[in-house]
Each structure stands twice: as C-alpha cells, then as structure tokens.
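Two complexes are shown next, each including chain A; its partner changes from chain B in the first to chain C in the second.
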Partner chain A sequence: MKKKKIDVMERVREASKAVITGVDDKDIEHWVDIHIMGKAYQVPADLTIMQAIEYAGYRLMRSCGCRAGFCGACSTIFRRKGEYKLQGAMACQTRVEDGMMLVQIPFSPAEKPLYDIREEKYESSVLLKYFPDVARCVSCNTCTKSCPQNLQVMDYVQAALKGDFRGIAEGSFECIQCGLCAIRCPAEIVQYHMAQFARRMYGRHGSPRDKNVESRVGEIEKGKFNDEFDRVMGLSEAELKDVYTKQQNTREVY
Partner chain B sequence: MAELKLIEGYPEYMRASIALVERTRPQRIGKLLPQMTPQEREDILNLCHPDYAPGGKRTLKMGPNRGDLAPNEVADLLEAYPLIEPDKIDLSQVDYETDILIIGGGLAGTSAALLANDHGIPAQRILLTNKLRHGDANSMMAQGGTQAADRPNDSPVLHYIDAMGGGHFTNKPDVLRRLVEDAPGVIRWLEDLGAVFDKNDAGEFVELTGGGTSRKRMHACSDYTGMEELRVLRDEFRNRKIPVLEFCPAIELLTDEEDKVVGAVVWNMETDEYKIVTAKATILATGGFGRLHIRGFPTTNHYGATYDGPVIAYRAGARLRDTDTVQYHPTGAAYPQQIIGLLLTEKLRTSGAQPLNKHGEEFVFPLEPRDVEAASFIRECYIRDNGITTPTGMKGIWLDTPLIDLIKGKGSTEKAFPAMVRMFKRFGIDMIKDPVLVFPTLHYQNGGVETDPQGATNIRGLFVAGEVSGGVHGKNRLMGNSTLDCMVYGRRAGRHSAEYVKKGVKVGTPGLQHVKNHIRDMRSSGIKTDRRTPMLLPDYRGKAVLARGIDIF
Partner chain C sequence: MIPYFPGCTLKTKADFFETSALRVARCLGTELIELPRWNCCGTVTSLTSDDLIHHVAPLRDLIRVEDMNTSGEIYQEYRLVALCSMCFHVLKRAHLRVMQNPGELEKINNLMYLESDYQGKVSVLHFLELLRDIGFPKIQRTVKRPLAGLRVSPYYGCLLLRPKEVAIDDPEDPAILSHLLEALGAEVINNPFKTRCCGSYQTVCDKAAVAELTFDILSRARQEGAECVITSCPLCMFNLADRQKEVREKHPEFEPMPVLYFTQLMALAFGLDDVCGFDQNAVDARPLLQEKGLSTRGAS
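What follows is the complex of A and B.
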C-alpha cells in the first residue's frame, strides 16, 4: 500500500515535468523559427511567447509578472511573417507562430493625475478636468485594435466624452493596464488611467450601496456576536467538529 | 512531422471522451453526489493528498522550528546560505530612514500602507519595496471572491466555524476570529474606495458559496476580483504619494542589539546595488511559494512567489507555523500545454460545473474543501485510472463548464467568467460549449510566519500580513479567505505597526549579527549545501542553453 502512494506522487511529478524544470529538446517534435528583437531562434511550437523567450535563454525580470493574463506586465508587439499589421498581445497568453518577429514593451510612460475619490463631485466635468487628453480622440479605433483583452477601448473613451461613468466602468472593467493602447494612440491619450479614475468614481458615487454589509458592520461593532463567539470558542474540539458537520449539512449550494 | 490535428481545440481521442460527457449531461443537471463523511475525507487525504502521502518532506535541522516537518523544497531554502556576506555590507551609510518599511506590494502590503497612513504615519515616513512592480502579486490573480458574512441568514460565527472545519481545526482561534469579524468592514472599505463589485439592480451584492462554506458570502468582481481590489487600493496608494521602490526585493532583514527588526537590506535587481533601509517597524507581506513547484506540481502563482519572506524572517528568529502543509487547488488547467497549472476558479464549481472522469461520470461532490477535492481528482486519475491523458502525458479530469449556462441561463458563463472564457478562447477552446481539462495545481502557502491578532510576530518590530503569515487558515485555507486575509491583516498590521511606532521605538545600531549566527548554526548543524537564498525568481531557461552557459558579465 505504502509503495503505491509513492508511485502516485512520482508519476504526477513526471507528467508535468516539462512546465516545471524547463524544456528538454529530446521531448520536442514540432519546432518554429521566431525573431526575438531581431535575432533568430528555433523554439518548440507548443510554447507561449513567454515560454519561448525563456527557452531561448533569456531569464526574465521585466516583462514577466503573473504569467496568467491578469497583470499586464508582458505586453508584446509582433508581426507575423508576410503580414503588414503590427499586433499586440500578452506574451504569457499567446502561442508562438512560425516567422513571428517580436519585442516586449515592459513599461508605459505616463503620469497619473492625483485626486481624492471621496472628495470629487460625481459630474461629467471632472473627467475632462483630470483627463483633458480624451478630448483629443480622433475616433481612429487604434486603441481597440491594439487591446490584448479585446476591449472596445475607443467606445469607453467616447463614453468619457459624454461623462458616462457607468459606460466607462463596464467597458473598461477587464482592463489589465498593460498600456498598449496608450502607446499606440495617435492622440496620446492615457486610456487606462482615465478608466481607473472613472471606475472608482462609479463604484464610490454611481452604483447603489449594499445595505446588508452596512448593518452587519454595525452589529459587529455593537458586539452582537460576542456571546456566540465565546460559546463556540469554548467548545472542545469534538464538540466543535460536531457543530461543523451539522452546519455543513445545512449548506446553501447554488 | 505534422502537428497533432485538433477539432475545436481538442485532439480526436479527447473528443470521444467529451461525447460521453455530453451523453450524461442532461441527467446530471441539478443532481449531485453526496458530500463525504468526515471519515471518508480523512481516508482520501491519507490515500493520495500530496501533503499526506509519504515522502517529499524532511525535518528542519536548525532555527526556531527545528524538528518541524517541511517540504524538501521549503527546507532547502530555509537551510541555505545568505546571498550576501554580512561583513561586506556597509551599514554605516543608511540610504532610507523611515518609520514603517513594508516589504511586498500585493493586497496585504498595500492595505498596510494605507492603514498606517490613516493612523497617523505621514506618507513620506512609509516605504514600500517590491521585488517586481507594485501589484505583481498573487492578489492580482485571485479570481473567485472575498468572503464576508453579511447576509441576514449568515453570521461571522458561521464563517468562523466553516474556516475552522476547512482548516481541520488547526487554525489559531483568536487570529481567525479577527479575520471573520473584520470581513464585512473590509468589503465596506473597498466600496468606499470605489471598488466595483457584482451587484443586482437593488445594489445588493451577488454572493455565492465556495468549497466548504455553508452560506453564500463570496463577494466577487466577475472573475477579476483580486485585480479589481488591488488596482483600487494601489490607485489610492499612489494618490497619497507613498514612496515605493520597485524591482528592489529585501534580501535580509536588519536587527539591532536588542534583536528587534529595524529594517532591511534591499537589492536593486537592475543595477545590482544594495541599499540600507532602517525602519522603526517592518511589515513582511511577501506572499507565497508556488514557484517552488513542491512535489513537482505546476502552479497558479505569479513569477515572484518564491518564499523569500519566511527565509529572511527565519534568520532573524521568527517562528513559523504549519510548514508541513501546502494547498493544491483542485482545478488547475491541464490542457492545452501553454496554460498548464493556471487557475480555473472554484467559482466555476460554485456556479454548477461538475468534475467528471473519462467516462463522463461524476465521482465526487463538487464542493468539498480544496484538499479533499484535489485528493479525489488524484485518486480518479492515478489510482482508479479514470483520468483523460493529454498529448503531453498529463492526466486530467473534465470540468463540465457547459452546465453553468444550463443551470444559470444562457450567457451567464460569459458574464461571470470573462477571464476564463477569454483564456481558453485564446487557445482555441470554447468552454461554454465544451468541458475543460483540470488537475490539481500548487496554489497556496497555508502556513508561514506565525502571526497574532495584531499581525505581530514573536520578534519585536516585525509584523506580517497575508499569505506569508501562518495561523489564520491552519492547515488548509477556504476559498475567498485569502484576499480577505490580505486585507484584514494588512489593515491590522498597518494600524498596529503605526501604534507601535507612535509609542516610541528606539532603533539601535542596525546589523546583520543574526545572519552571521545563521551561518554558524548551519555549520554546527552539519548542513552541507552551496545553495544561497532567498531565491527571488525561478529559472525556466531551456536546458540546452543552460548546459552551455558561462557567467562572465
């Protein structure tokens, strides 16, 4: 029995080896040629751009963060073989393709205006007060085309011109602040800073507040649950286990 | 050789198994297997959970936790030489002199900075250092939600009992109590700062359950919960002009003659220079250890999750807790290869997705606590041989995501899980139409530097918050309690460190005597290694390149 358990763990380790200890050339069947900042490398075809850069021998510090598409650190621009278009992508979420020519953009230089969200008035003019640059939008849609999240960036910039906080909040909600839109915008708008401000304004002033949480905070402050805590924390482990099991059996599911 | 032919993202043989999933789907809607009994849970953990299965761990030979068990990968880092030679560091010139040094810029560190500021420490007397960018943290990747017992049929006491049971009754009771009591306040704080949560038209939170939680108390921002919380707090932090050093990890703490922690040596990774930071209080908020790939598991964690905090704190004498446990999230991606190990939020199962074997059969209640659920997946794949084998040789379990739209209505998957839908779409898979393949993945550091209800440690001057700390979750954390922990204990550490500073702290001569002692103890304990830590970053370079590497520049 004991031996079998060890085998299981060893088999698990073996099965996911390639993603943990680095790629071993002998395991690879399919290869592609890519250019990293102009230099040619042959890399395994099944890798993401990020994994391919590492395979090629770069140890990343900049341009690598969560490795899962949430942090916006690994903005990359590339052209495919024979294609005139410049593409934007997250290196950790994009598979390499044969003939790809790429460079990473580790940082987007842009100053953020300072504000106190609690003091601002919830009116459309504050958007232009802090972000007058949005008025320069020429509706060229380059921001939308460069967004690796496929957000309708230009639409939320237009919502800003109308003072529509909710429209900006919803349109930009999945923004990972990678900066590719701002870097490509011919009007030099910094879309992601404006959207951050607008979401907070909407969250603070625009959306209705939950009442349950307010009353629960008050109940806790008044000590409503103290006796119950004292009782539960005074139980023996066996008694607590019993309470726990009963509670699990009354659980809400969907 | 031609590449493997894929039909809408999957090879033909996997399609055959998907057909079995589709066949059983209609009769599975609304029907679930029963939960396991406590005895069944214990049995399956002992059978094949990586923490309980033999091997993989050893006893620590030195330091405050000498005699405790830890995974080999963790012990290797604790029992290693420092990156610096203490005598070669010039401590006579202090580069930054501050009241509160915060090491780590995720939800915990950022919350701590804001609360220290709220409690009277001027922004310019706070310094936050981060290994990568401010916000490069596991917090950013938290998907499912944040627990807070705020609905009328719920209470902080029920939350406490759920978390205690999930943690196998090993949580520190007083620390856990503060977690659940502060939870509604944290949600209200986030609302005040303008975080946008999922709400209905009346402004009430849309709340869900998680594995092992008995009431609906998960507050979410679609499946970008951590990202929304952290970017709001970071924006607030930036508005207050709190100083920050990026790409400057702390590589050792500093201690004075009284063994108090009085700052840190930080290292600018881009210029290779070190800087001396002295502080009246130091808050460690460095996160977890997924990138250690314990027992060879892939991970959901961000690039910098390398256990640096406990390594440097241990040298300064900090006591650790629950070093023997690791949380494996049941549903990491197992296919396609490009996303192996990445998180598929537990909320998918909360919303109706069921785990199934290769025959399209259910084999476990979908919402057992994470360790139990993960062990049951490993059993199904490697003991019962009912897993689906991928082209790269991994085994996995189907997570029947198309059920979500069937249960919650058409369009609900896309609305609730934009990040998940997007990720699979990028690799050719439509999770609204087809199931996705999952296998447990290394997710969370349950234990860590032992904390008390104020976020203080056994070392004066050293506070901890978030994943780096130990005690609040015991030996297994429940969903939605990690982002909560970061903010509750980030806030507590921020407030209490501010109070500690305001009472008047005399910073002695900053030194590295504890590092010298550590080197001496290593030698006397007979530890033979040339490893130097903290690790800072993992190394995924190709083997062929490394074999030809020369370090000359």
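What follows is the complex of A and C.
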C-alpha cells in the first residue's frame, strides 16, 4: 500500500505563518513577491528576510542565531528588482522588498590559520605570515561596501600592511564575523579572520594593562570572594531566587 | 603644513627613514602631516592597457588630499610629498595616466561610486623635490655638523628618473642628491652606475642576479672613491645593503659598503642625533662615521 506523502515544507510553512506575523493572513493588507533560492513566494510586506524565509516554510538550521543583528550568523545575499548589484546584509536586520531575490549563506568557507598568540612576536611581519593575502589588496573598497556593520574594512586591511595592530583592533572592533567581506573580496582576502588575529595580538601584547582588572584578579586569587561564593553555592533554589530578585531590585550591579 | 604619504615600508622596515625625514623637514620649517586614511600606493604601476583596478589605490590617496582641502584641514595645498621612491613613482604615474585618459578616470570614479571623484588637482612630489624647493642654501645654513671628509656616492636607481614624465631630475645625469650632499658638506663621489637598476623585485625570485648588480654598483662606487652610498628607495636599500650577504658569498673579496637613506645623513648633519637610525642599517656605518669624527651622541 502506498503511504500518503506528507509535505513537510507545507506543514512548517503553515505552522510558521501566524507565529511570524502574529496575525492571520486574511488580515494582512500588503504583500510582496520575492524569490528564495530561485523559487517564487508571496510574503507579508514588512517581514525581515529571515522571517520571510521562515514564512515561506524553510527551517533554518544554520544561517540564523541571535535574530538581533549581533551574532553575524545570518549572512544573506540579495539582489533588488532592477538592480545589477548584489547586496549583502544580515537576514535578521533587513526587510524584504518587492522583487527581491534572496539566498542565505550558511557558512563562509574562509581559510583560518592556527596560531598561538602567546608564542608570536608582536611585530608587523606576523600579520603577513598568517595572512599573506592582505598584500593583494587593491583598495577597491568592496569589503567596506559589503559590511553590514558599516565598518571601514578596507582601512583596517590597509592598517595591516602598515603593521598597525591598534588601527586594526579599533577599526574592526564591532565586527560580527559574518564573513561577507571575504565572500565579496576580489583579492580573496580573509579580512575578518585577520582582524580577529590582530585584535587578539593587540589585546595580549599591545593594549595597556588595566590596573583595576589586575587588582581585582589579584583579590580573587587571594580568595577575597571565596566565602561569598561558598554561601551562594550552599543556598536552596528558593533562597537563590530570593537573593536574585533582591539583587535585581538594587541599583548595585557587580 | 604639507600632506605626506609614508607608504607601508616606512611604517614597518624603514621607520627610521620616516622619522629622520619628518624631523629634517621640521628643522627646515616645513611640517609634513601624514595623509589621513592613506592606503598602499599599489606598489607597482600596472602597464596593461585595460587593467584599471590597479590604479584605484594610488588615486584614492590623491583623493584624500583633495578631501583634506574640502574639509578645511588644509587650505589650497594640493602637494603630496612621498618619501619612498616607489610610492612617489606609482602615485605620480597614476595621476598622469588618468589626466591623459579622461575616459579611464571616469571609469575609476564610477567604480568608487559612493566616494569623492578625483578632480586631478594633486601634484605628487618626492621629498627631494621639496628640499630643492626649500633651497640648498637654506639647508646649508641649517647644518650644524658638516659632513667634511665623508665621501658619499648618490644612487638614484630608476624610479625617480624613468620614464622621463615622472623624473625629478635629468634622467641621464641627475644631480639633485649631489647638490644636497654638497650642502651638507660631504664630498660627492660620482658613480657612473648611479641610475642603473638595482634588480628591483627580481630580489624575490633571483637573489643571485640581484647580488651581481649590487656587486657592480657598489664596486664601481668604491672604485671611484666612495665610502658609503645614499638612496631614497627602500627596495634599492634592501638590494644594495641586505643583499651584500649574497655578494660576499660569491665574491669573498667584496668589502661591506654602508648604504644609507639620504635623510639619515641630513639628520646627522643637522645634529638630530636621536633620529639618525644608524643602528638600523643592514651594513653598519658607525665605524666609518667614527673614523671621520662624525659620531652621534647617544644610541644611534
């Protein structure tokens, strides 16, 4: 006997709809036509790209994370209707537009070297040792244009050629490691991994030590907070909830 | 205040070239300010007719100069001073190329569609040209420690002189470094090989060929009576100084010859002992300078 085929996509799609929009389809006035991976869908007009993909019935196993623009997992590539340029963005931070063609990037297959920042010398040549591709930069600025964080990516790549660890660290501080720069770079530079390496090197060898942190770490090592930890660890669940609630109600946060 | 373009090498391997030059300029009453957000000059000039992408980098730097004027950081100052011969060469050729080919400039401006267009206003100068404009008599008056008795041979290489559209001096018989050395009180030794190629980037794949050129250039300088050689190019510096190791392997009789940036000798003559950077040269010039009674005080 032939088993009845269940369309999983259809069921996910139906289950997702109300959850995503919060209202019934019949109450939605504005709709847009989009293409996801080459297939046509009609979705409510004010969804983000990520919501639109889920509304259409896809269940994202990769390419999604915090849904708040911070984690960098949901790199997406799209083309607007009538535009020849490919755009990159975070799927959770960009709204769908009529005629958009969408594709999710599950992962940036960029090369990432292994290093031990404790062993490396804090000098300019170490950047080119692990990321020699940086020297191929032709200053086209494609990376900067592709950055969803609006970082001056080309500037920090150029800082790498100058051996300016601080410049890279500060220029890339808000990088969310989405990898769109590396995907778009015609010189195939892996900007975000290079920057992460530089930030680590700068953090370990370059940036000034913070005295407050050092003295607090010293206090912890001397056992200043051991009694307090023991007390908290010994509390029952109810007592712990009580302590937490009281702590949340005080202004003191530490 | 004049914007200047350091280039990658001056920020890494040749930082003493930069520090000495900046202090020397200040001594002469000229403040050089580092071009904001500068990027690599492109390192080599692409001669391929349809390869425009490699001219984007140098043009971006020229745009930064125009942007400085627009923002009011500087006023009606469209000179850009380069120290490295390579950067000078690439920046100037990029400017000349797009001035001669407006269609190419339009294409490049279109590529940079979210940024300022290049207006073509910038004039790229090598630091030596700036010194010539400041005037050798003024340089002479600034000298505190004349380099008397030091026999120095200028070496130009190719980037400052060829092709002639970018030349800072007579491409066949340049004299700008000689004039400078005279102002510093040094004895100028003319080397007929002063404009020969040092081997340039061949140094990456064919050390032996470059070592042979270095051997020819430096041996001839010595034959003419030179005790040290000066240059303005970090790549010439590498080939003439660092490659002496390979020269000695093939020619054991070859005696090491100090090769210096011209700004190091200027700093020495101006009494700027803390920025001479003599401890950074591949071939130590300090024994020679000591012998001539030109030792610096302190570390360098």
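Following the convention adopted for this analysis, the second predicted complex is superposed on the first by the 195 of 254 C-alpha atoms of A that agree within 3 Å, B and C clash if a C-alpha of one lies under 4 Å from a C-alpha of the other, contacts with A are read in each partner's own complex, and residues count from 1 in each chain.
The working rule: a residue touches a chain if its C-beta (ideal position, glycine included) is under 8 Å from a C-beta of that chain, and two chains touch if they have at least 3 such contacts.
Just so it is clear, the structure is predicted and the values come from calculations on it, not from any experiment.
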* Considering only touches as defined above, state whether A:Q158 meets chain B (first), chain C (second), both or neither. => second
* Figure out whether A:K129 sits in contact with chain B (first) or chain C (second), or with both, or with neither. => neither
* Check whether A:R216 is in contact with chain B, with chain C, with both or with neither, and answer first, second, both or neither. => first
* Looking at the overlay, does A:K121 come into contact with chain B only (first), chain C only (second), both, or neither? -> neither
* To do: Classify the contacts of A:K145 with the two partner chains as first (chain B alone), second (chain C alone), both, or neither.
  => second
* To do: Give one of first, second, both or neither to describe whether A:K81 is in contact with chain B, with chain C, with both, or with none.
  => neither
* Touching partner for A:F229 - first (chain B), second (chain C), both, neither -> first
* Which touches a greater number of chain A residues, chain B or chain C? -> B
* Structure fact -> Note: in the complex, chain A contacts chain C through residues 124-125, 137-141, 145, 152, 154-155, 158, 161-164, 186
* Can you list the residues on chain C that touch chain A in the complex? -> 6, 8, 11-12, 37-40, 42, 53-54, 56-57, 60, 111-112, 114-115
* Over in the complex, which chain A residues touch chain B? Could you list them? => 2, 4-6, 8-9, 11-25, 29-30, 45-48, 51, 54-62, 64-71, 73, 93-95, 112, 114-118, 149-150, 169, 173-174, 176-177, 196-197, 199-205, 207-214, 216-217, 220, 225, 228-229, 232-233, 237, 240-241, 243-245, 247-254
* Structure fact -> chain B contacts chain A in the complex at 1, 3, 32, 35, 38, 47-48, 50, 53-56, 132-133, 135-136, 138, 140-141, 148-152, 155-158, 160-162, 164-165, 169, 173, 177, 181, 184-185, 187-188, 191-197, 199, 202-205, 209, 212-216, 221-222, 224, 226-228, 231-232, 235-236, 238-239, 241, 247, 269-270, 293, 295-298, 300, 302-303, 336-343, 350-352, 367, 378, 382-383, 392-395, 407-408, 418-419, 422-423, 426-427, 537, 539-546, 549
